[in-house]
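By written order: A, B and C. Residues from 1 in each chain.
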Amino acid sequence: MIAIDNLQLNAQGQLQHFLSIEGLNRELLTEILDTAESFADLSAQNIKKTPLLRGKTIVNLFFENSTRTRATFELAAARLSADVMSMNIATSATSKGESLLDTIRNLEAMQVDMFVVRHALSGAAHFIAQHTAPHISVVNAGDGQHEHPTQAMLDMFTIRRVKKQFSNLRVAIIGDILHSRVARSQIHALTLLGVEEIRVIAPKTLLPTGIEDLGVNVFYDLQTGLKDIDVIIMLRLQKERMNSAFLPNEREYFKCFGLSAERLKIANKGAMVMHPGPINRGVEIASEVADGEQSVILQQVSYGIPVRMAVMSMVMNHTNGVG
Amino acid sequence: MIAIDNLQLNAQGQLQHFLSIEGLNRELLTEILDTAESFADLSAQNIKKTPLLRGKTIVNLFFENSTRTRATFELAAARLSADVMSMNIATSATSKGESLLDTIRNLEAMQVDMFVVRHALSGAAHFIAQHTAPHISVVNAGDGQHEHPTQAMLDMFTIRRVKKQFSNLRVAIIGDILHSRVARSQIHALTLLGVEEIRVIAPKTLLPTGIEDLGVNVFYDLQTGLKDIDVIIMLRLQKERMNSAFLPNEREYFKCFGLSAERLKIANKGAMVMHPGPINRGVEIASEVADGEQSVILQQVSYGIPVRMAVMSMVMNHTNGVG
Amino acid sequence: MIAIDNLQLNAQGQLQHFLSIEGLNRELLTEILDTAESFADLSAQNIKKTPLLRGKTIVNLFFENSTRTRATFELAAARLSADVMSMNIATSATSKGESLLDTIRNLEAMQVDMFVVRHALSGAAHFIAQHTAPHISVVNAGDGQHEHPTQAMLDMFTIRRVKKQFSNLRVAIIGDILHSRVARSQIHALTLLGVEEIRVIAPKTLLPTGIEDLGVNVFYDLQTGLKDIDVIIMLRLQKERMNSAFLPNEREYFKCFGLSAERLKIANKGAMVMHPGPINRGVEIASEVADGEQSVILQQVSYGIPVRMAVMSMVMNHTNGVG
């Protein structure tokens, strides 16, 4: 795994691809957060554009549908003045029987500069980064149940904006840890940034075996798990897993693991409530909590743009000498 | 209804949203037409762009399909140098069970500046304008059977270009008044701009009850209805209503309410023929009339762009201090 | 046919549309190749854009799906700084029963400057060019089994880059000549540019009758056909024709007409191997040949962009006085 993760960095230790939080270090994560700060200021201005990536071509390769993630990547690229081409690969070239590698080779030949990849298979972004031309950067927009590193970084950005530092924080990640690429990326990022404690809270059926090896504490119920917590990260519950071997029905789930206003009081005063969206109101989170004072769910969405601008400009900075 | 319509204007009476013609006044409509004039000149130039909305993000929220309207809004936004993101909402986020309000909240959080909304439900654009952040403008691109105000304004623009003034005009709107959001917007606009007479001509089954309350004269046959008319506005016939309780078959409809060359002669000499498109040749209008000298149908399409540029720049002018 | 082809040129013999290679002359093809050279240099630069078509609106009218061709046209237009609107016509306006001509008339009215047309019917681009407004240019991106002229020009560009001149070359086109619009355009282009010999190599069922009238030599087997050849152009085999009256199964086809490393040796030393893509590995071409030293398949993809930039800027140069 080391060899693959090192793919992300060049000989000088700069970001060349952005594939996973695993394999990065605290300095790099901090550099991303600091770079995102400057773009966050830009977003608040009347003209929200910078010419940083003018003349660059970014290809969104979405093998899996995603309105929100695709939208934020498109907006981030537009605000960096790049040209963006979004390709829904499921319905195009590969349907003519062309292999993934041939599709990549062909896009490469069109002098594109970056692939933003979302794929249902874990490792897909790594695979493309391993096989693409050296001047092209790959950004992972979610691969199977592996990682979703830009989501984790916007979560870190949100936490830092609200809590100022990481070292004194106790963070709880709640819900379907087993199937969540977001949770994996978050755990790696929180660990690298040095929070005091990371907890995962979930029913046993939604916890991967050996999760403790990542340095997290495991809780099976909210009552004890939420005690002393500063940051609550809810995960989205895939409804298609309901009424399966994994889970009882929605009402039962909310009763056991849903974040109600009552339960929120168990956590520390001023604990922040996060969710990657889209939320299932009344399933994993009560509406009054999602829309309440402690919720930063919409800030997370906002910060998705400067954080993705930061990642895209950093990988381009390395490979093409921008900036 | 007053309260809702006032949503469109700020305290200074400037356009903040563009939701319906109802609730506006003659001065504002005239300002839109005058602003559109300057953009119409731009369209004729070699470089058809102005940097007026550079750095602004416009989201096309089309819950209902529309090639032509979406295309003119996209072109209008591109010519104002805005960044445009078109979202087909029917097939995206809401299919994950996210509510309309959550979708809006999320897009808002991405620092977008304008929503152009088309929706099958009457009042959808108003609803979004009521619930969106104060710095965001909403433009109605057609809501159910309620209004389609940019279509009405491009019709007014076309009429003014050809006839120079409104006060001496007799206008007939012909066809499916009952289901037409275009007709409702046109009636309000023609009334505000002070034409001499508005007539609606339709079979009884395609006329809403109480339509006379809008100040129009009702005719049930073309022969008498077209007499002394200067402007003929044909409506598109939804073929799916054919052979239903509303309507006989197409041939029968054309025989009674279709605009033939013969019938056109009943109207005043030089009467202009309008249609919002797409036309059903031989159903509501004969090909020789649609393509004839008195037809301004393609001018209407052309003027759709400067009129939409005018509306978009005016609502942005208010909210973001552009210009 | 003369009258139709002359559509492409204005009274001064300049390109007004780009519909087919047939009907053009060597000077024009050479001008396209020379213009493409300047854009090829641009593509290698850090900022790959030129403001040449800023403010122009290009509409991609794709009545037939094509990831690769649409992508290269979109990228070419973006790098010329044009505004691009891609319309999938199959699923939009025409589904409301609007005729092709009405669709064209409406887009024209929106002050667009160019149509890039792909259509399953031979002659579709000509038809649109005949009926569109005089200031609009039409570029054929593939029409039925007729022509695919930009593909042929990028092939010529690739040949000239590698072989420097045309006059001493023997070129073989191999595969489904009968159904290939690419082959037709290539034969016309190679003839105009004056290669020494053009051969077509195919089973009898995949050769049109009278193909010799185009001045090509016909071979029914690779062993004799590849002798003395400098340029090998493989055609894509439409798998849907397999196991039909035209063709045996894939393995049998490769045995008879597939380009293996062994067979490549029959051709001249250094013979270049071309394919318009997407390739069917192991059907018309062996993977080791497609990925081998003599293959220029990915260069073809690369050169698609400068060649399309050249064609688009030349047709606009005529009609709108750019440059």
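Note that in this section contacts are C-beta pairs under 8 Å (C-beta built on N, C-alpha and C of every residue); 3 or more make two chains touch, one makes a residue touch a chain.
What you see is a predicted model; the values in this text were computed from it and never measured.
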item	value
Relative orientation of copies chain A and chain B, as a Cα rotation angle in degrees, nearest 5	120
Same vs different contact residues, chain A with chain C, by half of numbers used	different
Whole-Å gap between the CA centroids of chain A and chain C	42
Sites on chain C at which at least two other chains make contact	none
Chain B residues within the chain A interface of the complex	54-57, 83, 85, 87, 92-93, 96-99, 102, 105-112, 320-322
Chain C contact footprint on chain B (complex, rising order)	43-49, 65, 67-68, 71-72, 74-75, 78-79, 239, 277-281, 298-299, 301-302, 304-305
